[in-house]
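Here subunit A shows up in two complexes: once beside subunit B, once beside subunit C.
Here is the complex of A and B:
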């Protein structure tokens, strides 16, 4: 049993080492609670966490995160951070709205910020971060309509909540706008903004669902699919990789997925950016400079809080004409001459 | 305290007591030493896994300290540990009771979901009642629906011989989708939301938080009394009541129980129903004490963790109580581990799984810790 003795000795050593470490008290601590799907989801949570990481690089602050494994973890996770001497707690996700509100009201001295939720009326110690993702997705819809060979494109979501369906709305209306301009009849599967009904996986973590939903859409003729479900979309990208991008292309969401999912970079036509990283960094700066107050930050095309990622592997195959049209549409949305929505 | 012989007598009595509760050294080893060693070995393996995944030694040390501090190191840590253990113990009691009756019920997850949802619905539809009636009624309805849902599997086994492992797993799957669907019905869905989420449980049906006078963030709620009462009740039921004797008899030897005139079909349905009631109660305490509403997957795997709790507690109510608190501690401590050491909370899942592997393989534990156990050969001599 010398083997085990060695292990015991090692654990003892670790404990001894620990006793020697002095807790380095950093001036400022930013804490984050992720939504389900994990901190390394190549999209939603990861982008928000990048905001904290950027802030850590820019100034000497400490960053901590806590992953939610289920919706039931939100409150418990918030509680453990409230005890953790966080200068600001950033919660990531619409579903955390209730838990964040409760925690903020119970701890009025603690600063909170939440991604994807706007309180009405606002809470004095909570700063909401929301994004006009429909604007970015509108451009993606226009692009998809222009690139589709089959005349059918598709989308599906994680859960039927506003921050998810905003993407799907924009995508849908972008395609309609293309049809209107070009007299084409490109069809959108998976989402109907009028009835608010569509395809939803019901979760933000099953890669298998991502694969299955993309496969179903492809069987119905879609050759471009935009999954709006965090890491679920990685399953769709896997399928596109196997089938080849001639039969299926993917539009990423949240982050530039050619960067966050580099192995499958070639399947992403583009990504609809939701720059949670920049707003999170902004909020941390505000908290550090004492300019923090409750309210709302809105990311738009105009302030680059949302946008379209570079075309990556498709840079050369997208006609210059279409690229120019997209720039024009973007300018139109910014100056208000093009309305996102019907 | 005056002389030596007293101590001898105390020792004698202790031994007698021990013999009565554990029926001999071998049982004592199985009930106490094996689980204890299993936990220790699992923690050591957890450290090895951290090493293998390139976590450095100080961080490993820090994560174990965080695990301890986050689970028992402060009042709020205890509050979180006990809060997490309430549904685990309740569902674990039901499963343990089933195991005693020879039923391997995998369906606590589904029973918990159905019971919890029923409690939420009872909560908001019966709003207006005084809490003294509203709260107990809400919990009772949760337990009842859990019992009915579990009784389906019991009924299928009793009438058609359908194995409860299969049918309860299938009933779990059905419950997930049923919940998704029910949460979208206008009657249950919260106004103004398009995603599946229920209306809130009104305050009169909520289990009150019992430590909020110290700090509003302490989540421990009155469900702990429900849990303790359930432990006492299940103990009484299993070891002091006639029906409990019937459960255990049919678990030990169904044929003998049958010859003794016990109605096997009735016992199966009743045992499943009781197990389901406890799982449903677990769901009900969770929604009325912690969550305040139902959302998809609000069970969060408690029904499956409870299987581990029941196994670790050796299907004994008191054992399940301690096992449940241990698992609650791992959950609460795991969060602290991630916050202050940055070690993924997934490691807790691995440690829990390892504990179960070692529990399920007592021979392995005996082989690793030979000095903790009496030699087996002597036992043969005894017999």
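Here is the complex of A and C:
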């Protein structure tokens, strides 16, 4: 170490000059490691990558991504990016929490940001991005309860982890809130917040699971289903397409799925938005302007980090009254008069 | 002299007898333990009934719901299990061991379902229909394995062939329609079968490694195209699906009808392929030759069977079956391709083949057990049972292990399996 320092000290001037020219010549590089499910999953990974793409368009920077095919790829992907001169490395997904922590501690000079994970205590070179998705899902639950013909709605998840179950919690409590307000008895299948147990596919890959799980919920009476399992939900959309939206409607998650899955746009009642694109862009800006520091940014209904997508094909079939109520609930959540969760 | 030796050491037959008697007694003990489990572990609140819905309002023939009083049912189930167990333990009838265990497991599953459903209801018919659907890719994967391993080529590449079939089905199906997509998937699957055959028969490459190479290759290529091309040109990944069609009359039978006679092309296809390959392998001259190549290639060669050619043909046929199974994922289910969407089903198919003792019907049965456990766990997750969802997700695998270990015991692969053949 000291030996190296001496060398740098002696060649300091030359090095500084060289570094200066290199820095102006090479653009800022933002790198991303995706979770399993792929960059084109019409949801989670794709939305986070859109954040980098937006930043690439807005300012002249370079963007790169590495896809994780399996959980065993996280570490390898991180290591290859660390060697690849990234100005910031964004890891996408709760499951990458441990790998990111290890990489950040081993490379304190490298800036990291992770989607869906909050470290306690914070790591100085990692900025976590988390989302109050339960707020958005609460609105979706309220809408679903108001739109269900059978009085049964359903949800299922990929893996029983907080970023997934936050959606299911919000959905559940949104339905309960509707029941409280209207004196109805709409039932939620697939998630029980008290026992933290529910219906899970156990993966984010098998689209046919999405079909089978939605069919299962439909057999038990659900006519609106919210899959929280990345691309797996595209299988549910196919089933809704075949059955017709009178029998089954889908609520998308992460991105506005009428945009990311346009062929099946007519089956989505709405989508619970988790604006990873906006927080990722924000983080890249911070890193570029040297305002980056470790900690946490939280997307909420208030700062539009989460929200509901437009109603798409159902714009006309959702009663105006229900739409107005949802706006009121949204305002209530923002000003704190309505509590999400019990 | 011979008399004396036979008295001193038990003959192989006697040894076998005592081993199977011991196994019979162990099974007896297991059954008694299950009876106690049902009696004390699966308590139903008195008066609660489990409701199994058999028909939906849309069905042509309406049957009432199956309503089972929980307490009495499980009491009877425990008694039956105890009877089977005690009988097995005391008499040790080796002949009946498997049958008793089979009946015992069936009773256990029923008691468990009644316990979980007490006070609630679910659609039994829907569950059975899902069982069939979920078994299809695994059964076809297993059948692909049977065809190639019966000629002594270990086929790890089934996973890759399924994925290739799914990909081709989506791509060609989007461009030229479902039928063309399906045939293209079969061809591509067959192509990978032929590639595997070339690597291991002609070039005598290690069979496991050749299979893994194909799997990694297919995963890499399809993921690349999916993320780089399909995300840009969406119309290439928007295939039509084969819808379920009801076979007249048979499809209206309650419970059985929806399960067997109101499915899509792939389900019927899988059943027909299993029947054809069973007939082919065990009742035709060519089938016998193929099996001979798998058991003793040298002998088969001596008798004029072309070992290389036989292996090429059957591994290619296996690949075609896997390609058809792969097309199920896209053309028979979700209408689009996504990275790694087969998610290990090929390996489970391989396991189904081993559990099914390298027999097409056996592979289908193992796949059905797997599908049954899989659809049960989906229903249980909705019933708010006190079992953690992670354990429920394990159910398909645990069920398969129990059935295999308990019912099937040791299964024997074709004698020459995995070894290349060098003609002298």
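Heads up, the rule we're going with is that the second predicted complex is superposed on the first by the 316 of 342 C-alpha atoms of A that agree within 3 Å, B and C clash if a C-alpha of one lies under 4 Å from a C-alpha of the other, contacts with A are read in each partner's own complex, and residues count from 1 in each chain.
Here is the rule we go by: contacts are C-beta pairs under 8 Å (C-beta built on N, C-alpha and C of every residue); 3 or more make two chains touch, one makes a residue touch a chain.
Owing to the predicted nature of the structure, the values given are computational and were not obtained by experimental measurement.
Participant: When the two structures are overlaid on chain A, which partner does A:160 contact: first (subunit B), second (subunit C), both, or neither?
Facilitator: So A:160 meets both subunit B and subunit C here.
Participant: So, A:293: does it touch subunit B (first), subunit C (second), both, or neither?
Facilitator: Neither partner.
Participant: According to the stated criteria, A:202 is in contact with first (subunit B), second (subunit C), both, or neither; which is it?
Facilitator: In the superposition, A:202 touches subunit B and subunit C alike.
Participant: Looking at A:304 after the superposition, I want to know if it touches subunit B, subunit C, both of them or none. Which is it: first, second, both, neither?
Facilitator: Once the two structures are laid over each other on A, A:304 reaches no partner at all.
Participant: Return first, second, both or neither, reflecting whether A:72 touches subunit B, subunit C, both chains, or no partner chain.
Facilitator: The answer is first: A:72 touches subunit B but not subunit C.
Participant: Across the two complexes, find the residues of subunit A that touch subunit B and also touch subunit C.
Facilitator: Residues 67, 69, 160, 202-203, which sit in both footprints.
Participant: Quick check on the complex: what are the subunit A residues that touch subunit B?
Facilitator: Result: residues 1, 4, 7-8, 10-11, 13-18, 21, 31, 64-67, 69-73, 75-77, 79-84, 95, 98, 103, 106-107, 159-161, 165, 196, 202-203 of subunit A touch subunit B.
Participant: Mind listing the subunit C positions that touch subunit A in their complex?
Facilitator: 56, 122-123, 126-127, 130, 133-134, 137, 219, 223, 226-227, 230-231, 234, 238, 241, 243, 329, 333-336, 338-343, 375, 378-379, 381-382, 384, 386, 388-390, 393
Participant: In the complex, go through subunit A and note every residue touching subunit C.
Facilitator: 36-41, 46, 67, 69, 160, 189-190, 192, 195, 197-200, 202-203, 205-208, 210-213, 215-217, 219-220, 231, 234-235, 238, 241-242, 262-263
Participant: Give the list of subunit B residues in touch with subunit A in this complex.
Facilitator: Spelled out, the residues of subunit B in touch with subunit A are 44, 47-48, 57-58, 60-62, 64-65, 70, 74, 76, 80, 83-84, 180, 193-196, 216-217, 219, 286, 290-291, 293, 295-298, 300-301, 332, 335-336, 338-340, 342, 344-345, 368.
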